[in-house]
Amino acid sequence: MATVAVTAERENYLNKEYGIRSWLLTTDHKRIALLYLASITFFFFIGGFFALLIRLELLTPAGDLVQADTYNKLFSMHGQVMIFFFLIPSIPAVLGNFLVPLMIGAKDLAFPRINLLSWYLYIIAGVIYLHCIVTGGVDTGWTFYTPFSTAFSNTRVIEAGISIFIAGFSSILTGLNFVVTIHRMRAPGMTWSRLPLFIWAHYATSIIQLLGTPVLAITLLLVVFERAFNLGIFDPTRGGDPLLFQHLFWFYSHPAVYIMILPAMAVESEVVACFTRKRIFGYNFVAMSSIAIAVFGFLVWAHHMFVAGISLYSALIFSILSYLVAVPSAIKVFNWTATMYKGSISFTTPMLYAFGFIGLFTMGGLTGLFLAALGIDVHVHDTYFVIAHFHYIMVGGAVMGYLGGLHFWWPKISGRMYPEGWGRLAALLVFAGFNLTFFPQFILGYMGMPRRYWQYPPEFQVLNVLSTAGSTILAVGYVLPMVYFLWSMRYGKIASDNPWGAAGLEWQTSSPPPTFNFDETPVVTWEAYNYEEIPAPAEVPVER
Amino acid sequence: MSDSPLAVEQHGPEHLHHFVDAEQQRDAASLGMWLFLATEIMFFGGMFLAYLVYRSWYYNEFAAGSRSLDIWLGTINTAVLICSSLTVALGVRAAQMGQRKLLVILLLLTIVFGFAFLGIKGVEWYQKYEEHHIPGRTFNADDLVKDYPQIHIDQRPEQIYFSLYFAMTGLHALHMIIGVGIFVFLTYHAWKGRYTPKYYTPVEIGGLYWHFVDIVWIYLFPLLYLIDRKPLR
Amino acid sequence: MFDNFPLWPARASAGAANVDALFIFLLALSAFMCLAIFAMILIFATMYRRRRGVEAEQIEGSPELEITWSIIPMGIFLAIFAWGAVIYFHERTPPRSASEVYVVAKQWMWKLEHQEGQREINELHVPVGRDVKLIMTSQDVIHSFYVPAFRIKQDVLPGRYTTAWFRATKPGVYHLFCSQYCGTMHSGMIGQVVVMEPAQYEAWLSGGGTSGSLAASGDTLFQQLGCSTCHRSDSQGRGPNLVGIFGQPVQLEDGRTLTVDENYLRTCILSPSKNIPSGFKPIMPVFQGLVSEEQINALVAYIKSLTPSPAGGQGSVSLAPQPQYPKE
């Protein structure tokens, strides 16, 4: 692999055209990925700002920073912004958009204009949501439960509902694009069994986006209609059933969490393979686990409703199915760990995030076993135990996967290296800050502190203070990469085509790639992760 | 340093450069539309689920509401849509055979049928408005209670039937409007001669969409109009 | 544990220990799994760190290993499921002889009424050692009745009854929280469960003035609202005879067979067209909007009291005296 420094004079997708029109009207999947990167980073900081205010309020038992109604809006909008405007798009819309065509040897996604439409739908949804925030916000919780959301809330439920409805279509179209691309546009010789596991996981994610999101869309639409036109579908005084809403809502929202974690697992496979310099152990099993998670993920939604009033027998069925869905995730963790056996391991920033991912995802996943146990869930449902559980997976898992992936592919995306020392520092800060923020919440939950509480009994204070302290460290860990990534675009070391010596078609083209990705369509004659054929270059440190 | 696409065989302006060849482009478009229709099934599916649950709980109210709909207008609309699917299918064939004039006529007919459907739907909605069957403050189902005194109808769940009626037919009508828009686009391009036996994918996938909207109606009609049309004693 | 810095909730019900046992088992299992995986990663990261001249060994995988580490976790998971299911089953089947407390939740307070007629707001007094069943409904949005010390929680819904039960084992005062977000003062919809020694509880019961038992007020309402006109105990009425009906199956005119429980009675009162028993005409008037939640509770308690108590009265609570139907 050539380590000749390549100057930025070579034409690539970034310098091909300048000017705002060339960005806002682009159909290049790589530019669209960067458009998404900017937008979701913006919303990440909005959602993060709400989180900071929540943690500040919770420093003291009394509600003394903001009013109760304001607090209710804060946690509602934190959830909605983080889920719909950050997590759901994050890896697929940034890394997936950028890498899927490259990894399979295609020139672009199947529908480049629909890809741009996806981004515009996201932006329109985002603008509507921002308007919702500044004109009063929404206080229904991210879950919009009826009849509170349809008949009792005095906040901008219709606007938030419409905004998320539109964002949902952005997600559906991204999924549609990926599925068609992966089916129809693989380069010659790129058989299904030669696909990187990143592609398998994104394929599974896209199936969920396609089939699940429309159910959220119709559910939110019905809530909007009910409020706007005084329909009675969820109104108990007119014979409506509040549980119907919950079933419809969770039918999407449970698979949604797999939309959020599968792409992070996708990144995990690529990073672990590269920095152990080995093919992932049990490739077939990892690939099939992605599909299994997508399929089983659709069968467990009512485990969010064990105390909601469903029948005893339903609860038994959903509990057992929830244990089934845990198995493929466990298989993946074991396989990544086994990959390290007899590997050649380097501790670059992406690999640090990968280690963190395995640790935190394992903890989060294990606490899922607690929640799937009916007798335990009765006690900890709607408490901080649940909050800790899903943050371990969505932040400890998905966000670390996202950051690890951003670092790993940054040279390919920008043509520059980020500063490795700062990268490692930020990774450690995120890991430490995260654990301090969320581990105490497991204890709080079992002790009985309910979620969505603006004020709380004094015996919960010490743990809340620890949690808030952790969140400040976490915040620093998040700000650092933003700063040094921006810095690197101007001052970072110029990256070679393949600074990590990684396998995968994306590393066979220049950093950054040309607009049409490859000078010549690759013809694939090798299996994925052919590390025995790829020497490790200097950037991958040798650990003495 | 070339950034130009690979050498490609002779093709028309409709060939998109990121595809290797026309066949790949056609396959991609077709798979894309089928996947999109799958999402539409899930979308309507949520409402069908709500319908199923509430019909099993409030059968009498649903039956009474169903009887208040105009079965003749509903049947005519069903026939209109089935005819429109015929013109669509014939249109795809005309495109395959390169019969431009016939294609344009069939597409126009489809649009006419579409408007007819929407017009009749509008008339039906207006009837509901006049009968005070629109859910909300103005809702009044005394006429249903009066007409069928031997069946005890609770007016509150009766509103649920009509809420679902408007939500389902409303969303369906919205999809029809979008379909008409798509067909206006197709007609324009057909008239301009853009579709040939070698390239008529937009007609084909537009047709798929139209057929789907038709099939949704084929389900809506019996579920909403035909719940219990047995003559009452 | 520590007084100002507790790490474990109080354990004050018969079921709490079972929940804690499973929790501790899961804690141990999780700790073990975490340690195992973290240790392996640490060991591999050290032993197999990148060293000059040492190449990674390409290993495709091992189907035997995959099957093993799928089957064993699956087996453990099924065991956990079974254990959790047993606890849940127990939690969701209140003993027949439990005394009943009716709960009405509203934004943002808990209204409770004992069978004896005692009313409470945001507080529930119960004696140690007695099975208590809560029959709950909401006046507005979904709430949830949560007592961490008992390890019980149940959502409280508008438009229907949900139930929960417990047996307190330790005198003391324990938190009651609303745990389903319900609006502005969700975090203020809290209270306490006061568990007393039986003697103290009796004293408390007779202390406050009550207007008679819940079933007795239900009896009064039953007359006032005209229910007795059609629901006669001599089966000559236009409506079904309600004596002994609670807990029995009833066949409806649409062919379904339901059990007469609290929700069934509530539906009959509020939405009679849903539940027409076979052989009867659909002529019962609709009482939605005409009766409050508390009044529905009273009527339900009254109809339940028309069931003769089990022989021996094992664990039974005081029931209203058998009503005298007015002779037409």
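Which chain is which? They are A, B and C, in the order written, and residues in each are numbered from 1.
By our rule, contacts are C-beta pairs under 8 Å (C-beta built on N, C-alpha and C of every residue); 3 or more make two chains touch, one makes a residue touch a chain.
On a predicted model such as this, the values are computed, not experimentally measured, just so you know.
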| item | value |
| --- | --- |
| Between the pairs A-B and A-C, the one where more C-beta pairs touch | A-C |
| Chain separated most widely from chain B, comparing mean CA positions | C |
| Centre-most chain [mean C-alpha coordinates] | A |
| Whole-Å gap separating chain B and chain C, where each centre is the average of the chain's CA atoms | 45 |
| Chain A and chain C, separation of their C-alpha mean positions in angstrom | 37 |
| Shared interface positions of chain C, touching two or more other chains | 271, 288 |
| Shared interface positions of chain A, touching two or more other chains | 237, 239-241 |
| Residues within chain B bordering two or more other chains | 57-58, 154, 156-157 |
| Contacting residues of chain B [partner chain C, same complex] | 57-61, 150-154, 156-157 |
| Chain C residues touching chain B - in the complex, by the definition given at the top | 254, 271-274, 276, 282-284, 286, 288 |
| Touching residues (chain side chain A, partner chain C) in the complex | 63, 68-69, 72, 139, 141, 145, 147-148, 152-153, 236-237, 239-243, 276-279, 281-285, 306-309, 312, 315-316, 319-320, 323-324, 326-327, 330-331, 333-335, 337-338, 340-347, 355, 358-359, 362-363, 366-367, 369-370, 372-379, 381-383, 443, 446-448, 450-457, 459, 462, 531-532, 536, 540-544 |
| Residue ranges of chain B in contact with chain A within the complex | 1-6, 17-20, 24, 27-28, 31-32, 35-36, 38-40, 42-47, 49-50, 53-54, 57-58, 135-137, 154, 156-157, 159-160, 163-164, 166-167, 171 |
| Chain B-touching residues of chain A, taken from the complex the two chains share | 10-11, 16, 106-112, 172, 176, 179-181, 183-185, 210-215, 217-219, 221-222, 225-226, 229-233, 237-241, 244, 247-248, 514-516, 519-521 |
